[in-house]
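Chains here go by letter, A, B, C and D, matching the order in which they are written, and residues are numbered from 1 within each.
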Amino acid sequence: MEYVILMKDDFGGFISRLAKLQKLAAPVSKGYNNFSFQEVSSGDEVALKYIPTIIPPKKFFMPRQETLLEFNTAKGLEVKPVVEHEKITLFGVHTCDLAGIQCINMVFSIRPRDYNYLIRKRKIDIIGLECNEYCDEYASCCLVSSHLPSGGYDLFLTDLGDYFIAHVNTQVGEDIVESIKYFKSAEASNLEELKSLRERKRALFKNEVPIEPRLIPEMFDRAFESGVWKDLEERCLACGNCTNVCPTCYCFDIIDETDMDLKTGRRYRNWDSCQLEPFAKVAGGESFRKERSARQRHRYYRKFRYPVSKFARFFCTGCGRCSRACMAKINLKETLNSLLNDRYASKPFINDEI
Amino acid sequence: MEKTIIKESNYRIRNARVIKARQMTAHEKLFEIALEGGENLDYEPGQFVIVSLLGVGEAPISICSSPTKAGSFELCVRAVGKVTNAMHRLEAGDDIGIRGPYGKGFPIRILEGNDLLFIAGGLGVAPLRSLIKYAFDNRRDFGKIHILLGCKTSEDMLFADELDQWFKRMDVHYECTVDRAAPDWAGHVGQITTLIPGVHLESERTFAVIVGPPIMYRFVIKEILAKNIPERQIFVSLERHMKCGMGKCGRCQIQNLYCCQDGPVFNYAEIKNMKEAI
Amino acid sequence: MKKIKQSMNINVEYLTRVEGHGNIVVNVKEGRLQECRLDIVESPRFFEGILRGRSIFEAQHITSRICGICACGHSLASIQAAEDALGIAPSAQTVKLRKLLLHMEILDSHILHIYLLAAPDLLGVKSFIPLIETHNKVVRRALRMKKACNDVCGVLVGRHVHPISAIVGGFTKLPKQKDLNAMHNTLTGMRPDMEATIDLISKLKFPEFERDTEYVALVNDGNEYPLLAGDIGSTDGVRMNKREYRKATNEFIVPHSSAKHTKLSRESYAVGALARFNLNYEKLHPNAKETASVLGMKPKCINPYLNTAAQLIESAHCLEDAVAIIEDFQNSGIDYSEEITVGLNEQKKIPVKAGNGVGAVEVPRGILYHNYEIDENGVIVNADCIIPTNQNLNNIERDMHKLVPELLSQNHAKSEEEVTLALEMLVRAYDPCISCSTHMIKVGFVC
Amino acid sequence: MKRPKTAFFDLSCCEGCQLQIANFGESLLDILDIIDVVEFREVMSEKWDKEIDMAIIEGSVTDEHAAERLKRIRERSKIVIAYGSCATIGGVNGMKNSFDLAEIRKYVYGDGYKFFPAAKTKAIHQVVKVDYFVNGCPIYPPEFERVLKNALQGIPYYVPDYAVCVECKLNENVCMYDRGIACLGPVTRAGCNSWCINNGNICYGCRGIVSNPNEKGMKDVISKYGIDMGFIVNKMDMYNKCRELKHEED
């Protein structure tokens, strides 16, 4: 059973049963067109039409604060490495966020492997949800080809009007379908409808920036000294919003905290951001990315250049969160466009056909 | 959220003990450390460990002893912040946690058979000492050895007693300079760069190894290049803010390189065009 | 008056276990009481002065910083004055939630006072620190009860010290069902501790001293124990609208104090738990009346030391009434459409008008008045706050004037230390909040 | 370790920060286990005039008398911890610095104003050296606890030098700017876990301004959202007026 269908009328029942199986998180509305993945127990809490949540689902994979060790120094050094984890199903993960999860999976899977991450990841089941339309003007998922599903889920739902069609990708997905009971197997006509939706999407989702994606790394190779970064220096407030909301930003700090007895305590890691003043400062006071322009540049290179060498993919998922969250309205698509218009950075690469 | 104790963890620390602690200058203290159970720390010169003081934090510190010395290793620590100040309060017999060794050390196999030019500024002598001691212990494997050291004043000089011995050795050329001289200082006065022009080098078979504060590199390298030493025969060791030591936390990133994994020792030719490196 | 035998000179600099800085000065020379006063030496913070030029919508944020202990009370009085000036009538839901907040404020403050500030005197130690050793359970109970109030405020308005979500017009965040449940659990869980507290206090012996005075508190015609709203009333039969608060307080300056004094029908009057008890006993929750009978208290009680006991009675009332309010919400639910967005008016997105408004709220230590005059942009042009402690200062001094000779003339006259302690205890019984009271104001602009 | 002799002092303030400590509940006893409180006027009658290991000071300096008192405390204290906005940045007491001192005294005290001296409000570190800062109005208890532990361990505490927005985003609040409301989060030091925004209010800047704010960028943002600059400056002055003053130490 590779494809199954779920009638819309059964959606409420589906969510309630899912929530009974294990903890369930799904996008919920916070008002003002803001959404957030939160624990839910019924269908009416779920926002089926939503634009990317404030914080991406990475918060389940690498929690904002995560204990690594527990210690007791009362008698010698007594240290226990620990991992915090829970069984949870994520419902409604968009394709851009699936891509984001795939990115951090890679980061924490290459050697030295991060056991805390890997153990936690195994406990999370993922049910994807297709975007039939563009979220808003900030999205750039087509540029990085994350507007269509390409794995990274157990079950993937596409809204086809009266019903959802679901792609069953893993045994876990199969088990969910089995135990929920609302699903029927898909007919050929259903698959046809899915196909035509994807066709429509291909027409609708166009490269948001007029450059062929394979040329982006080269553009960045030439863009290091571009004046575009100087412009960001003036605007960026260094608030760190862009990195905190990015599904592929994973920098962290490691912090010790003792209990009041000053003997027992824990060591945890905490999300951190390359945009913040103290991030790259060394003890001598030297900061290697002191200017906000250098920090912004670093962020863009960490999305479009460096990971291409290391992981052979972009670490931008086109979700548009960074641009949405930026008070100074620093906009990813605009920055890329400015680079394209920067004659040193882009001259040879402009592709007129796009 | 459940919490489970795990065996395999990247953050597991090895229990160790300070077996000797000696105040060297007003700000630096030298520690000799042994791993629990007499285990050897398997390391190369130029590598670093992450020292762990539970409840205070962690700090990357270069190993300043040579792996030829078994049973224990040494760290030279300058008190600047949380961990390093707390470390300065440690004495012989105190517990300490160790992770590592981490990073790429000096490329010994490449250096072997060649002349060596060591240049260190300030605390840079610590990681370099590991290699210098290694070279002394395997003296036959190397050609000529030049050591140039610089520090602020003679009071800030690290390993002063050892330096005296180096000075006496037949088989090394050693010079030292201070920025500001005390009345009883008989040696050179001036920046470390002033020492370089006077050194007689065979450029094609000399490998330069430089460790010092960030501002030092650019000037020193300029002088060395002026001596016709090829760029790929220059090695540097860089310091960056670091947390995990495993190429994840993102702090030590220099463009697409991670100082903790791809360094801290870098070949100059490979990083010279990297804006954020030197 | 009997003859005073001794000469003594008492100067308690920086009176402890009260909020803010005050000194007690007593000077007895060859049997004659020459001087007896409570100096307020807290350096003034000019709150009324700095409010000028600020938006009426941030007044409560600023005035809450007059006092950390009654921050919620200041907020509520300030909000009431602002709404009065703007002509906004809060919704029934908002009023109910505010009542809940005020209950928590009073409960929290009374617990703090009873246990940490007053109990050490009654137990004959210098502070609660030695009690950790000797009365560990008692100390733990006090801290637990205090934290419970704090936790409820945390859920309701973000925090107890300087509440966040209670603003002009209503609340920026309304409690969810699970929040209601959490608050309910916390408060019902506090009942055994409350019983134990009553049990403890009923066994302690309060000093015997009486002086008849005028007691002033909010009064109303309904059945509700008036805290958040009402007219100004007194045991001497005064009844007036809150807008006439200046006539009810008659502030005047005395040279030795950076806080003003007040009077009404007589030379001085008292506000606070005992005043409320004396005026509104009938409207207390049955549990509170029960507590009063355990403590052997009936209105009109004129022993100022028993203010602490009246606080306990009120604590029982506030706890039960708070539980009732929450249960009511649990049953009827909360209307979330009432959640308001902060700052809209302030940023001129909703028009405002000029006006003058008064807030009168019963905070732990008595009636608190705030009065603002605003221009057509909602900017404060004049501000006035009259704090309960100020209203009590005059009365405290009158008590001292009666108490000192009594102490010295009894059959076995008290030593200087004993007199000092008795005076300190007297002052503390009023639970004065000196940081609040140093604000000062003259202008008479109220309509 | 010996329990350090600890004294709590209050200068001009609302004493709300002390209260935050009382609000620790039973875990206050754990704290009292590791420190030896020798003076705490609000809750203790005991007084102490000898050497102090740790002086924890609340409130701002608002007159000469307070400045002198503070200097004497500093002289006999090994460690000085400033806590609360009043102490660390001047806080709401600083608002009076916007006025002519004589005028404001007259407004509040009438003709007798000359009896009530006042000086410009200062934060504690503008008068004496401070070793630890616990910012906030009121202090955020978990941060106070952390600072206390760091002080006991003899290691520094760095007040976060990045914006409240960081914590606010992580708490997934709808940004006030999205709601058309101005908020001081982008220029205010984090560390409070975006307390006010979590509860539906804006950030008022009570923890002081980050050390290197992008003032031009902030102005752009403000004008982009159609907010009056004077309005923001006025808001900023609510807590941060004292930053304009010179430090006595310098």
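We take it that a residue touches a chain if its C-beta (ideal position, glycine included) is under 8 Å from a C-beta of that chain, and two chains touch if they have at least 3 such contacts.
Bear in mind the structure is a predicted one, so any value in this text is a computation, not a measurement.
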Fill in the blank from the handout: Chains adjacent to chain A and to chain D under the stated definition are B
Completion exercise
Contacting chain A as well as chain C are chains D
Fill in the blank from the handout: More Cb-Cb contact pairs, comparing A-B against C-D, go to C-D
Exercise for the section: Mind checking the centre-to-centre distance between chain B and chain D? Centres are C-alpha means, answer in whole Å. Expected result: 42
Problem - Where chain C and chain D are represented by their mean Cα positions, the distance between them in whole Å - result: 25
Completion exercise
Chain-centre distance (mean CA atoms) for chain B and chain C, in whole Å, is 65
Problem - Touching two or more other chains - residue numbers and ranges from chain D - result: 153, 179
Fill in the blank from the handout: Residue numbers in chain A touching two or more further chains are 257-258, 262
Handout entry: Residues of chain C whose C-beta touches two or more other chains
Key = none
Exercise for the section: Chain pairs that touch, all of them, please. Expected result: A-B, A-D, B-D, C-D
Handout entry: Parts of chain D lying in touch with chain A, wherever the complex brings them together
Key = 1, 27, 30-31, 33-34, 145-146, 149, 152-153, 158, 161-163, 165-166, 169-170, 172-175, 177-179, 185-187, 210-214, 216-218, 220-221, 224
Handout entry: Of all residues in chain A, those that touch chain B in their complex
Key = 63, 67-69, 71, 73, 76-77, 79-86, 107-108, 112-116, 119, 224, 250-258, 262-263, 265, 267, 269, 272, 274, 279-284, 286, 288-289, 294, 298, 301-302, 305-306, 309-310
Completion exercise
The chain B residues in contact with chain D across the complex are 55-56, 81-83, 85-86, 89
Handout entry: chain D partner contacts - residues on chain C that touch it in the complex
Key = 14, 16-20, 42-46, 48-50, 52-54, 58, 61-62, 65-69, 71, 112, 116-117, 120, 126-129, 132, 139-140, 143-144, 146-147, 150, 157-162, 164-165, 167, 171-173, 253, 255, 258, 339, 341-344, 346-347, 349, 424, 435, 439-443
Practice task
Could you pull out which chain A residues touch chain D in their complex?
Solution key: 30-34, 36, 53-55, 64, 234-241, 244-245, 257-258, 260-262, 271, 273, 276-278, 292, 325, 327-329
